[in-house]
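These are the structures, in structure tokens.
Shared chain: subunit A. Partners: subunit B in the first complex, subunit C in the second.
Now for the complex of A and B:
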């Protein structure tokens, strides 16, 4: 894609297209890695002979005779979970309001350490048993607390470890939590996913939602919420300043830094809309997306791919190549200085997608977790559902990124992807499977 | 020709930024085309990592905490300050002069730890029951886990 664009448009297109693709890849890769690891763990560790370890307590609690895996139990469990999460988020808002940042950081540290130690220990024990790897108890007792402590440190203080380790620690925490969620009974998992998607939508967009309140508090106070958030590495490191240590928004010379995808798209769209030559750009973007949706098959990742060349080609026609970067940079200064910080917080995890002060895309850890839960649960059925759910989730993520570029405020990342994922899971399981089986047996 | 001490990967900056004349190993050899003094990056993240002033304190802290049964902090020290390890033996004028001893000692410490651990683990795995006798079964982790019943305690 980059080669074609460069050949056609000369030297200007490498800026827009490279940045665009690079930004998207930097957020899609960790999400894909997390999902891949969860699918691997689920394939290795789940088998029909092992009943779900969490279904027994559910059966006991529900009191029904059906093994605890019916719809009413599932709905009740999902509602209880959402209520608990809402309460926890309001508690976090309260703590943030009272400026108890040490409490929040201590809570984050405690939760990540417990996830890594307990869940990590259990997963590694299951792996050792399943693979019959004869590690001795002494080495295990030495390695596990060490690795857990180091990964917690890496997850909590990104400034003191290599960026790669920090991101790896966040992905590890997400993988372990997602694997634990896949141990729930089936109907409960699906009900939980749908309930969390609805909760995310409400909490981020409704005026009274806890996440929105938290965000507004953070904007008003110009502070950063201590949270477990995955931030993609920015493409233009501003030499001479450390973007992690000095996240001060009021430095005017940082305004020329951020060259992320979403700002460039937004920039191009705004200029074109103002200049009244816009109709073409906006219409071509929507037309290409509709076209992509129509000719794509159920799982193909068209929506993310097709609009991009149209945008870049139009932008190259509208903006003169040598002045592109300067013009865009100049126009971005007022936008960045007033741009609020976008982070999301939830208990131990995060929901929502936004832009950091350097323009890199931020995605909460809760999104990683629930995407992986969906794909992991799909893996328990068959790999066909895994592929279609994976593509549906990535398409949903692409759509959310596009919406982020249009609306330029923090958005919930769960609803679109979870909806598409659930829809495609149901369609694959009911329609695609019979089709594929018929094809493969009769051709 | 600018040296790679900064550790910033070529692909991240090519075509997007004018190459900073500051990323030079020997400050005296860089012809300054602009007023700001040349900047040297001690960490593997380059401009995104720690600045030079804080690097020494950080290296010393991680080195000392590594003695608290946390040898992986030494490994992080070595990986994070890879450009320091890779630079030639420090003369007293090199910008990495004060950081380098800590990194070297962290590297030595981590090598010793990993050698000891690997030797022990490999002996255990390969030796098996022939070497250890019935005690082997008591030491293997999956047996210990089954005995203590901790495999399923979280679920």
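Now for the complex of A and C:
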């Protein structure tokens, strides 16, 4: 009796409420932090008198009088960008096919370093002048390369640095790249976002899409692709509850990993929709542990690095600096969750039993960047749009995770969130704002 | 009036929400998800409302009856949305219970259900406070302040912050009362929530009269205190009943 009373008050046993949802929060928090930092940077640094460094080339190239901010220019720019990213991704596929991993890793290092050094230096200079922070040139010249080098190393080799530093480095790279993108003219930014969402959808789901080819190559070869992905690992990698013994998948009552909300949702959805299912977890096609290292998948302990092909700068005069586009191309990774079934040492048999960590959700850095670009651009209008777009993007991320739990294959993380974000931006700007202003200003 | 004032107004409106979040909601990740879902849900309801009313705005006349109509329809719509929210919550509760059976953990107990309804209500309150107060606060971070004609004694931002605080409290705790009312099928709880919402909203019409904002804001705080008191009594009653039941078992 007394035990029941104690249990009811929740002190002795933990209920379902304590257990669910943690991994989703662990991916939502860094996305939110990245968006918050970009919004802060945009609010601090953008002012009408600050000319966008990228709009001048646009105006020159387009030759229009409107400062290059009309719809045709925007569409053309977006299409050129998508074509460039596609070409870059195919180049990566080629390099991966030729087993040129050192090239990929070198490009990855080069792109991270250039983003942190060049973009980071520019943003720091802008911040220093805006906040009137007293820092002399010598200290700055000492600090910047050191910080950039440390963060690059942290981003590239997570095994040798504390996980928090690795995650912070990834978020820093995402924030800087996203801030750079918000400097584009308005229509161009929106066209770019929509184009990238469509490209993501095509690249991951169509049979000929570069990202899908990359995934299949990696599965086939059982290799890891170097990629810049954010892995929502717990801070303590040896968290007691995360090590589980996986039983064979044909057994009816396998142990559910209660810590993984995505798995739970997938389980519940399957049982709800398929009455005949005995609740077995369907193992996704992308199963190898190395596969888990790839594009936005879950489960592996070793996140990958982003390969960064070096685009030739001849076609890039009008557009964003090559390093940025190159970096972005590599960070375009779909969102997948895998259930790594076996460790690398065991052979793949049907009754393979192995140890695996709990599936942590992995999200490609490109997703971070484009979410933050959307929110940053919304911040340039008003804060109300920021809140709506933030909620829309988180909702989109949640929906994508639901779909992930349901379909259990590689999914693009951009389309749903970007669509919802754009829709909510338009709705807020046209409808909600007048309504709220009307209600509030009359108290 | 500088960053300090802006931050101050934001904290007046959202301070209790932050404390509730840090103390209760942030401990359990599931509640954070509930809060985000709830905020999104009420944002969608606000957008639909503004879509419906867009054709009739802006109201140029100084008369009070268009605003009264606006308020009554908005409150009716939001209470309807609360019922939809309740249905969704029931579905989710079933899913959670079946999952809990699956992994042989105890089912949702009373405190769990109340925590979920608290998170849902907090989402509602935060949605209101953010969209009706926080998004208008951007000028307050600058150098000057703003007074509305009809309320010339307090800055507009201060009034807006206090009103949002009142509504945040009302929304948060009426969600707990409402969920309890739907669950126990008690008519008094079910009726209390829409009535309080309506009265509180109508009271803001007092602000339309010159100098009325002092009275209106004060009455709103009284309503918020009344909601708090009612919720406290109800929760106390349910928890002690539950405890007695456990002992008797």
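FYI, the second predicted complex is superposed on the first by the 303 of 443 C-alpha atoms of A that agree within 3 Å, B and C clash if a C-alpha of one lies under 4 Å from a C-alpha of the other, contacts with A are read in each partner's own complex, and residues count from 1 in each chain.
We adopt the following convention: a residue touches a chain if its C-beta (ideal position, glycine included) is under 8 Å from a C-beta of that chain, and two chains touch if they have at least 3 such contacts.
Every value quoted in this text rests on a predicted model; they were computed, and no experiment measured them.
Of the two partner chains placed around the shared chain by superposition, neither subunit B nor subunit C is touched by A:152. Of the two partner chains, subunit B is the only one that A:138 touches; subunit C does not reach it. In the superposition on chain A, contact of A:162 is made with subunit B only, not with subunit C. When the shared chain is aligned, subunit C comes close enough to touch A:395, but subunit B does not. In the superposition on chain A, contact of A:122 is made with subunit B only, not with subunit C.
Using the contact criterion defined above for the overlaid structures, shared-chain residue A:18 touches subunit B and also reaches subunit C. Looking at the shared chain after the overlay, A:183 reaches subunit B, while subunit C stays out of its contact range. In the overlay built on the shared chain, the residue A:383 is in contact with subunit C alone; subunit B does not reach it.
When the two complexes are laid over each other on chain A, subunit A has residues 14-15, 18-19 in contact with both subunit B and subunit C. Of all residues in subunit A, those touching subunit B in their complex are 14-15, 18-19, 52-54, 118-119, 121-122, 125-126, 128-129, 132, 134-140, 142-143, 146-147, 149-150, 154, 159-163, 165, 180, 183, 233-245, 259. Listed in rising order, the residues of subunit C touching subunit A in the complex are 28-33, 36-37, 39-40, 43, 46-47, 49-51, 53-54, 57-59, 67, 70, 95-96, 98-100, 102-103, 105-112, 115-116, 130-138, 148, 150-151, 156, 159-160, 163, 204, 207-208, 213, 216, 242-243, 246-247, 249. Contacts from subunit A toward subunit C in the complex involve residues 1, 4-5, 7-10, 13-22, 24-25, 28, 256, 258, 264, 267-268, 271-272, 279, 382-384, 387-388, 391-392, 394-395, 398, 424, 427-428, 430-432, 434-443. Partner subunit A is touched in their complex by these residues of subunit B: 8, 12-13, 15-17, 20, 22-23, 36, 39, 43-51, 58, 62, 69-73, 76, 79-80, 117, 120-121, 124-125, 128, 139-142, 144-146, 150-155.
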